[in-house]
Amino acid sequence: MIGGVLAQAAVPRDVGVFEFLFGAEYWTGAGGILTSLWDTVVLCGAVMIVATLVAVPLATVLAHHGRGELSVTWMVTLSRAVPTFAIAGLLVPLSLRRGWGFEPWPIFIALLLLAIPPIYLNTYTGVRGVDRGVVDAARAMGLEERNVLFQIEVALATSVMLVGIRVAAVQVVATEPIRAFLGGDGLGRYVRDGLGQNNDNLLLAGAILVAGLAALTGAVFGLLRRALPPGVRRIR
Amino acid sequence: MSVFGEARNPIIRWEWIIDEWDQIREALVQHLELTLLSVALGSVVAAILSAAALRFRMLATPVTGFTGFLYTIPSVALFGLLVPYFGLSRLTAVLPLAAYTLLILVTNTLAGFAAVPDAVRDAANGMGLTPTRRVLEVELPLALPYIIAGLRIAVVSTVGLVTVASIIGQGGLGSLILDGLQRTFWTPMTIGAVLSIVMALVLDGAIFALGRLVTPWSNRARST
Amino acid sequence: MRKQFEGSDTDAVSSLSLDIAAGSIVALIGPSGCGKTTTLRMINRLIEPTSGRLEINGRDVIQEPVTELRRGIGYVIQQGGLFPHRTVAQNIATVPRTLGWEKGRVIDRVAELAELVGLESEMLDRYPDELSGGQQQRIGVARALAADPPVLLMDEPFGAVDPIVRSRLQDELLSLQQQLHKTIVFVTHDLEEALKLGDRIALLNIGGVLEQYATPDELLRSPANDFVEEFVGDDRGMKRLALRMVSQLAYDRGPVVDIGIPITEAAKAADAHGTDWLGVLRGDAFAGWVRVDDLRNGDALADVPRVRPAAQVTPASTLLSAMELIMTSRTSVAVIDDDGRFGGVVNLDSIRKNLSSEDDS
């Protein structure tokens, strides 16, 4: 009935942690690690894209006009306190009633709510924190308002924004594995199956995979930072 | 979708709440216990780490770095990593939950002490307070609003994470969610999710009220 | 012009009218909050006037597109307001690039400006925070001048640098102005700075009320009212002295002779000038004065007792420094011309005469 939850990872109990992690046969093929990894990456990527598309423009415009200072206070609290599991749990029945299935809408929306606060927060404070003297100087030199916003305010806020996006991405990747307990798959399935089958090796391997992906995500953003134009990169 | 049909599986079936009240109450108590235990353990460790970082400046960066690192470890992974060693025990749940509170608690404590005006510190020294008394009687009270703000966030996020701890069989409101999910029975799911959010709000309010009690001066500053 | 900010029931600047001559420097000064910045920012319409007119070269610019207007007005603020994510060269090139200049022309212009404000060319590739405060301020000026705007606005341009650098930057600005002849309006808190740089000074009072608009000398000589008098202080006589230079005095070489000439010739020279004293030069250097009474036939001029001037000033010295020297020495002060030759003497009398005259600069 709930396929994902009951599905068993086809891993014998006597396979060691390293044997599993370094065995090509466990990575490839249907239901292999690569498939789970891909599931996770696609979901997290989609969440991050939507969260960024929502939070960045909204925060930028509000900060540019100096509106919505209060939203920052809320976001500070929210950015650490979104109960993803509970929210997804609440959404599952609604999703099923609409015929959208267990997956992926409930977890997608819950993760989106998790991702938006840090991105919004950093974008807002980044744009708002740009030295007013610098903005004034830009206007005084006859830059169009649009260019003041993009070439000065957004450019100067890019680093801070990217930090917010990184924090959000790491949190999303770190939280996504609960999807395996909400009727889905993804990288969290090995932990779930390890627990369900009382298979410590599978459990450990799954935990390592999940933690590794989160660490990798943080590292990727470190590299992304290097891709920024040199002037923008040096602003913190 | 539902095999029972919608009429038989509403989002909430109120009789179930009455019938299963004992189960709900047990989940609530477990949830509360796990939250308070974790935050208490986290607070003790955070206090030690903060004190060390305040006393020895060079420790500040490694301490915040370490707590930040802990925070990025996925909860599912951390529970999973500990199960082989501590089994499906309460300890396996409490250790990661406490670890996650460290970042916010330490960061806010350090920020609170950093926000003590130098003039106040000088005045305290000038009055001849010993460093220990200065920290306890002057700096700590002034840092308290920051520490309490950190505590609020720590508690709220822990309440949320305790639901995840249900995957290692530690009960709590998360077990209602899991249970409902496995039986495709919405009432426990909804109850578990809603109650966990309510519990977060109530505890947040309680600490806020407590904070106002112990920092009456910030109270007055706000009302004027 | 008038400005009333939203939510305020009094005017930040009330019916202010200033006529600024092209090519001159006007200093806006007054107590904190009196509306100096507001006035300045109304000129490039960073603040839109509530009412009033703004004319540049007889053209009402309130109706013009604001970006157009601003590209013709340079704006310099405290600490430069430089773009921290752009190199010095990119900062300077901002307006030329906005105006769509071709690349080669922009590069040439940047180099030209760097030289004009005294920046070494290797600094052009640095970022603003890799430079000192004084250097940043120079870049701010260079950036403002980039498209050669006829008007330059400066808001406490040298407020954030230490007094020594400030004084040097002020000198640089004055020498720049000698070459460029911009119309400059600048805000300052520092009366000395206003007196030193301003061709005219507009002294504002709270609410943007114009108390006096006059040349520095006039402001000091005849304050329009008590407020102005108090603002410029009791030592305004001294300040006037600091404004004037020795070159403005009608100083006189008097009778001077070379130390090698026969003593009879020397006596004749004094006679010709009708003085009872005589200046003596050794080569180009001033060797001192001798009294005609001390001249005895047969002596060499070099053996006659000489009174040596205690100090020397140049034509560019202020009357204040000349006077300080006179007060601390017993003699008049010798003036050494720009070419290093003896130019004449300054004494208290000549200074007093000069002060009682109207401003003649």
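Read from first to last, the chains carry the letters A, B and C; within each, the first residue is number 1.
One rule holds in what follows: contacts are C-beta pairs under 8 Å (C-beta built on N, C-alpha and C of every residue); 3 or more make two chains touch, one makes a residue touch a chain.
In this text the structure is predicted, and so the values were computed from the model without any measurement.
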### Query
Among all chains, which one's averaged Cα position is nearest the averaged Cα position of every protein chain shown?
A
### Of A-B and A-C, pair with higher C-beta contact tally
A-B
### Task
Please compute the C-alpha centroid of chain B, do the same for chain C, then give the distance between them in whole Å.
65
### Query
In whole angstrom, what separates the CA-based centres of chain A and chain C?
60
#### Entry: Geometric centre distance via CA averages, chain B-chain A, whole Å
22
### Query
For the complex, which residues does chain C have touching chain A?
44, 46, 66-71, 73, 75, 77-87, 90, 94-95, 98, 127, 140, 143-144, 153
### Query
Can you list the residues on chain B that touch chain A in the complex?
1-3, 6, 11, 72-81, 83-84, 104, 152-153, 156-157, 159-160, 163-164, 167-168, 173-174, 177-178, 180-182, 184, 186, 189-190, 192-194, 196-197, 200
### Query
Hey, which residues of chain A end up touching chain C in the complex?
131, 133-134, 136-144, 147, 152, 155-156, 229, 231-232, 234-235
### Partner chain B, residues of chain A touching it in the complex
1-2, 5, 77, 80-87, 89-90, 92-94, 96-97, 99, 101, 170, 173-175, 177-178, 180-183, 188, 191-192, 194-195, 200, 203-204, 206-208, 210-211, 214-215, 218
